[in-house]
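Chain nomenclature is as follows: A, B, C and D, assigned in order of appearance, with residue numbering initiated at 1 for each chain independently.
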């Protein structure tokens, strides 16, 4: 994939996020990684979605975090995206939203339990929530430290099997093999968050799905014949 | 109805499901049975809705479950549809969705009580929920066993009078005389599920409607002068 | 207003009901009364909204309940509309919906308390709920008796000041000086029902607004300079 | 900015409010102040949104409250807007809505706690709720007194840092440096109100965000390099 193709894919993924109804005002952004994992394209800061064009998507170095192509300022969440690309092998696209139901779980500082196959088709287990950032972490490199608490939360989790997280008191991040897939996982996260809120209202103590149901859905999508570990 | 007409009706029913707002990503599928109940047409797997054409709808044998016409792979839920057509006389169309409110009830493992005439106009009594599949049922012919637990749940129920079910920890299936009617019942199921969630929040111990109200609405639609038992 | 103008107004009001998002499938209907209160135009039964034309709207006699013009069958709720026109002076338009939040209150068999000015701007006090119909009332002239329990509920209420009701276990009816106004009141009813559900979740024992606030809003719209008692 | 440009901006802001889905029927209005703070343009009363043109926006004197340009009657909430412009330095645009989730908090007479960064990005602390108006305040200059209770509530609050309020038993007002920004804050208020309702359902006793997170988000937008105090 050329840089131009990457910009086009990332631009389209950002517009898809709007089409899926996950964007209020200008909240949210999508990025995508180059095949060699050297750079990523990300939504510029402050360009209204209707005016977004592929050439606006800013190219940023994974190693340095510096802009290597583009006249516009990249999204203010760029440092978070960059750290996740460095830490999460197999992840080639990242979507950040403030989608309402996912954000409600983030604000409640609760993980989203796996209550059904809709969830299990996309996330192998609960969607975790990070710890709150400390005062020092907030005041020093806030966006970078947002990435760090996500990575810390995934110390014992496989980010390909669980392609999303809730940053406590903040909002969801989702990811995938490429930008378009990260948008799909952000859409799935929001849908299962909404279903989980209603499930909890109807049955506050219903258990999550059994492990074998989770395993079944995981292996259908992530087994030897699936994309897991490929790209 | 020719096979071409069946494919057209099934294609349209799948698009209607989208138009009714019941589809997130590619979740959900509709099928329709031929007049002689020998084959059914079903949505292919993995074709985005905007590109869906009648000729993409795959023709599957009710007896063997094999594809008898079409180049595409049928929906992964094909085995469930097939078993329901075999078991449920008078059913000629099936819709599967992960619509949010119906899925919340499925995840809560609660039936949807009949709280009003909106419900009674479409379902003669509560919309039942199946038992969870066992580990063995999940690991051996998962989709077929999904059909089996639905059929088991309807041992003492009339699938024409109660044209829908919640698969526990999964999501709703709805059906009807033909594909279009199954979509309408899926829409009604989602609407009454949403209303029931709010009804329960407002009045946790409100009783379901009286039997004679249920009977009145049932007989208006399913009596000697209605389609019940016909086609 | 000629009969043709009445049909046009009623057709438009039915389409507006769809545009306001209050219609699922074909649930709901609007009617409007002639200036001399002799006949009313009402949505025909079973015509899909996109195909609805003014000439489809059926003209029914208020006195006899018989169709006096039109080839189509009128809405199955025609008997309810007719009785309300006979009983409620100053009402010239009626809207029936199964709008989700209003129907949730009807199913919960709870009135909608007046929690704020949005409500007070349209309804002078709580939106009442009827008693359930008896078995005999359901089995003998069901739609007529639906009208009767509404009228019974308004024995001590002014239908112009409180232009809507919840039929218990059923759904809302709203009305107004003409068809378009009845649609507006149906929209307001649904909006305040939704707000009331959330208000109750946030503050289960919050009192309704004070009488003087209710009075203020009522007199702004229904005082000597307003349409009350006029037409 | 000329008067014509102000009318154009205010007209557009009113249409944006509709586009953001915050308007039911004709509830809601936006105004914008001239650069010299002498007059403001406001939506006329009773003009349907699809017909709203810039020249319809009425020009009102801040000092006298009298219409100085325009043939139409200004919004019935004009007196409230005027008082806020007089009292709140740095505020150049005001939006009033009956948006459903914000109104639910107003009706519940509860402030919206700051549960996350979505809220902190727009409001430096909880969104406050006014006390109820007394009977006398309602019966004498109701709209003016609505302004007075807002101003009273902000005695110890900075309206630029907290650009919105809930009028108890009524609905939200939001504001900003100009009309367009007040619409954005109204959109944010509604979004965080909805998230807060779900947050409270998931975690009734979750604390609001820590002060340093609030401070961080505030200083990103309102520090020496931001628009606070400018305009």
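One rule holds in what follows: a residue touches a chain if its C-beta (ideal position, glycine included) is under 8 Å from a C-beta of that chain, and two chains touch if they have at least 3 such contacts.
It should be emphasised that the depicted structure is a prediction, and the values quoted were computed from it without experimental measurement.
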Exercise. For copies chain A and chain B, work out whether under half or over half of the interface numbers are shared, and give different or same accordingly.
Key: different
Quiz item: So if I superpose chain B on chain C by CA, what angle comes out, to the nearest 5°?
Solution: 90
Self-check item: Centroid distance [mean C-alpha coordinates] between chain D and chain A, Å
Solution: 33
Quiz prompt | Distance between chain centroids, defined by C-alpha means - chain A, chain C (Å) | solution = 46
Quiz prompt | Residues of chain B touching at least two other chains | solution = 201
Quiz item: Looking only at which chains touch which, which shape fits best: line, ring, star, complete or other?
Solution: ring
Quiz item: What are the touching chain pairs in this one?
Solution: A-B, A-D, B-C, C-D
Quiz item: Can you list the residues on chain C that touch chain D in the complex?
Solution: 115-118, 184, 187-188, 191, 194-196, 198-199, 201-203, 206, 209-210, 212-213, 216
Practice problem: Report the residues of chain B in contact with chain A in the complex, numbered from low to high. | Solution: 24-25, 27, 98, 100-101, 103-110, 132-133, 135, 138-139, 142, 169-171, 197, 200-201
